[in-house]
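In the two complexes below, subunit A is the common chain; its partner is subunit B in one and subunit C in the other.
Showing the complex of A and B:
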């Protein structure tokens, strides 16, 4: 290899404009902006700082779950258990701190560990037996759901100590109150956006989703990486559990039941392919906001909530259709 | 074939044996790859050439026999250890990550990090340097591609193969092994890959080429290792034999004695293969 740094004459870099137009997040971003413009004209309350702070608060729990879900879907896996694992984590944190008289920080730590443990178990079963992630996490969904109800005895835990609800606190930014929890979610999105695009670990995650065999032949320790991804995702569900508790102020065994599928919805709307290997957490962030903006905007317009669900369903099918078509073109 | 003054083989094997229960996949096989040559390895299906190549690239550990790299005895414990010794393999299914760009594929599993804290603490990739080095490798092998930031899935089959070859060549210090590199390609693209193999050899890197395509083998190989029944049946020069004779050696109709002459082992089979004893 020569020491020169002259790029090969035949190589060009596509223009920035072209790259932006063809980036996979462009479609979702355009959809988000169009939705924002539409709701701004439809209702006066939409375009206010307070409302945007509310949207972020409403989506931070699903958003944090969706980061873990993105990692797993990028490896061509799926996690149906994320919401149930989060619910179990939140009940554990709440009960151990409120009734088990553990120090609150220890209760939080244990809750995070248990959620990470669920992720580890998902990863090990997927990788070592091996089983399809769909089946493993479907089973784990039921296990975590049942454990939540057994452990809580169907009781909502109230009167939580301060540290558990601290992230629900707010600070003023201009005329808007922002919750600390929103900041945690945004920070996690930034952290994982960097980890996926800026580090070797991220590249290996994408490679794994493209072709396990190719990754393995190139020296990626695929088994370790897969288990690691599920474990990190589990830890993120633990953070989501803490955010959930801090937002609602109680430990509710009924919480998070739609969040399993909502997280997948956000990932898919954000342009990440269910077939693995393509997508980004930036896209997922946009996807989470699209769902949040639609729900919020339609609510402000006085549309019944069942229509919000209807529109979300249509968006999912639309997003997967776009993904399928672009994959066919790529071939 | 071999004479006393021949150079030290880059990769050599003597008496390799690999058994799977009752089945003997490698039955005392020898192998010699000389510096700067393209050595084709051919053999009928089930002759054991895949097992031989796997033993030479660390994918299987032989039960008996010796492998030498540049004259030194060596034991590969896995594909990673063979790679660590500069032996790279271009796999038949290409082993590329389709949605990732060319530079990312070239450095997959061997990413470069930024110097200093950015690399050690923040694990930040040095994307610019990887792109530059990838561009240099491609230029060295005269592989013309529009852009290194193109996803591999947007490339043609021949271009993908070129990327896979360039990746192996970039990392191989001793040997490049190519498993059926033209099997999935059209005529024109096959020609491009053969040209590429020649350029790799001309840079001094010996190439082991596993192929079923006899015209390609005859076009590019300096020597041909014919594998049969788990061991080396012959090593011949393509200039001294016809394709029909080589096929006859593959099927056992013809055997080659120590001095390079051929002996008809089974005259009926040889007649069927259209070969005359020399």
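Showing the complex of A and C:
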């Protein structure tokens, strides 16, 4: 069916070199490296530990959202509500802890649960009615956005208790300050990379994205799996909410308005196919890094921010073109 | 299922990425080459972060900063949020600018409160931070504020509207910005103060948020007219909202007998005053805010003295139908000094 169904194919083992060359992440990785080399030569401040730590810190929120987005896109779904759900989660955590005088950890826990609940609802509506995920999550985007503004009364929440901003703290590694939140994001990427490539659950997710019918005939409980994927994605949005709060130090009702498209951008640039069944979270990690590196590098060079948007647009079209060409050739 | 991996495909993929990247990079690299070269020769780096890239107000601000940077031998870095209210985008821009070694940052905060922790981090690294146009909350979160006195801008059009009504009973609609944004609150309060009515006065019959957007302004005005057809004074947060209100009024044939007042003094808005669509507007000067800001950073780099406190960059009432007792300039002056 496709030339690069790496984890799903599994029966014959191509040579390591071949696997590397055919991995969907090869192109994005090359792009990332080229960009890094280019910026290293263009500006003195780019190639430093501190700057790389900064870039990872700047992509951790969208990166975490994009893990959930990758899972959903792998099942041939899409989630437009992720940024809005995250915003609602973050404002809930912030308000409950700062003004509702709940213990901060309980507030965080409730925020995570609510985000997972939004994911569950997305999954159930998609599967049980059933409705196209685009429509379900478009609706949920508006619902979560409105709830955020109603619940926050349009007010930014400041003076948050320590545990909410703890992940924004740093520890020194050599001469570089690393944010705890960056580690959380990297750990989540590794966890889901393993879950997708090394577990039965992961194989089923790819199978579902390739063909629901075929997956069902092979004994995959597709409905339950889909709902599970949306719920896990929701939980990840909850983690993103906590990372967001820790990064900015405030609960901001305006947050996350373009993060749905930003996360889809990262997924696509990272080589995951919007048609489902092909791609990886490591590709997505490279995707968010590409966006982050361009934003940071161009800023350091003194290029106006509108060019970052321009280049991101070009990269998206390029990535999808490459995906389409490789699908055609593989047929 | 095909079990036949095709290496040439991924080579194609790499090649395609590489080619396009190289193109993209060369294209933008050539535009910025002169700037990055300058940084080597020791020009002071100044960062300007606006709410968005697209609003003419901020375009003019950028123009003022660029001109002033050139005059003072400084290098200007610019960035903006993706939309009005994009706090995370502004935080990222601050971090990147600090990493690139700016001496000072000029910022129009999208969220007056949410931006504060990020500004504190920048200031802790010795960066001079000046808020332009919009104050932070608290105002002490920045070293200095260069802005229009928005309360006064509101007061001027309030006094004007009061005089123009000549004692007729007023039914006022206010087309506001958004809840909790200081600029909008100050202009609104200033208008009521100038008009001489309290916040809960029954003459204010309709208040709607427009986000300063023409389409939303039109919708808001339509709804207000639905609620209270007898509205005869319309306060608007800015000229796009005012033009939206004008369109709504015109559709009802009411544009001649309703007084619209506004704030901003953009060129489109000032022209609308000349055309009689808007009765009067309070003109502000974004170019001056940015130019003064760049100068302050350059002088901080020279002698280490930080600008502080609030600098009023001025506001002028522009109208062609002057009222006795209210100082104003005509639209010829307004068009000479407008922005956008």
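Methods note: the second predicted complex is superposed on the first by the 317 of 331 C-alpha atoms of A that agree within 3 Å, B and C clash if a C-alpha of one lies under 4 Å from a C-alpha of the other, contacts with A are read in each partner's own complex, and residues count from 1 in each chain.
Simple rule for what comes next: contacts are C-beta pairs under 8 Å (C-beta built on N, C-alpha and C of every residue); 3 or more make two chains touch, one makes a residue touch a chain.
Everything numeric in this text was worked out from a predicted model, so none of it was measured.
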Problem set entry | Contacts of A:295 with subunit B and subunit C, given as first, second, both or neither | second
Exercise. Given the touch rule stated above, what does A:311 touch, subunit B (first), subunit C (second), both, or neither?
Worked result: second
Exercise. For A:213, is the partner it touches subunit B (first), subunit C (second), both, or none of the two (neither)?
Worked result: first
For this session: Give one of first, second, both or neither to describe whether A:51 is in contact with subunit B, with subunit C, with both, or with none.
Result: second
For this session: Please indicate which partner A:303 is in contact with in the superposed arrangement: first for subunit B, second for subunit C, both, or neither.
Result: second
For this session: Give one of first, second, both or neither to describe whether A:250 is in contact with subunit B, with subunit C, with both, or with none.
Result: second
For this session: Would you check which partner chain A:201 touches, where first means subunit B only, second means subunit C only, and both and neither mean what they say?
Result: first
Exercise. So which one touches more of the residues on subunit A, subunit B or subunit C?
Worked result: C
For this session: Would you mind listing the overlap between the subunit B footprint and the subunit C footprint on subunit A?
Result: 1-2, 4-5, 9, 11-12, 14, 330
Exercise. What residues on subunit C touch subunit A, complex-wise?
Worked result: 1-7, 9-14, 16-18, 20-22, 24-25, 28-29, 31-32, 35-36, 39, 53, 75-80, 82-83, 85-88, 91-93, 95-97, 99-101, 110-111, 113-114, 116-118, 178-180
Problem set entry | Interface residues, subunit A side, partner subunit C - complex | 1-5, 9, 11-12, 14, 18-19, 21-23, 26-28, 30-31, 34-35, 38, 42-43, 45, 50-51, 54, 57-58, 61, 153-156, 158, 244, 247-250, 252, 254-258, 295-296, 298-307, 309-311, 314-315, 318, 321-322, 325-326, 329-330
Problem set entry | Touch list for subunit B against partner subunit A, complex | 79-80, 83, 89, 91, 93-100, 104, 108-111, 113, 122-125, 132-133, 135-140, 144-149, 151, 153-154, 170
Exercise. For subunit A, which residues are in contact with subunit B within the complex?
Worked result: 1-2, 4-5, 7-14, 198-201, 203-204, 206-207, 209-211, 213-215, 217-220, 277-278, 330-331
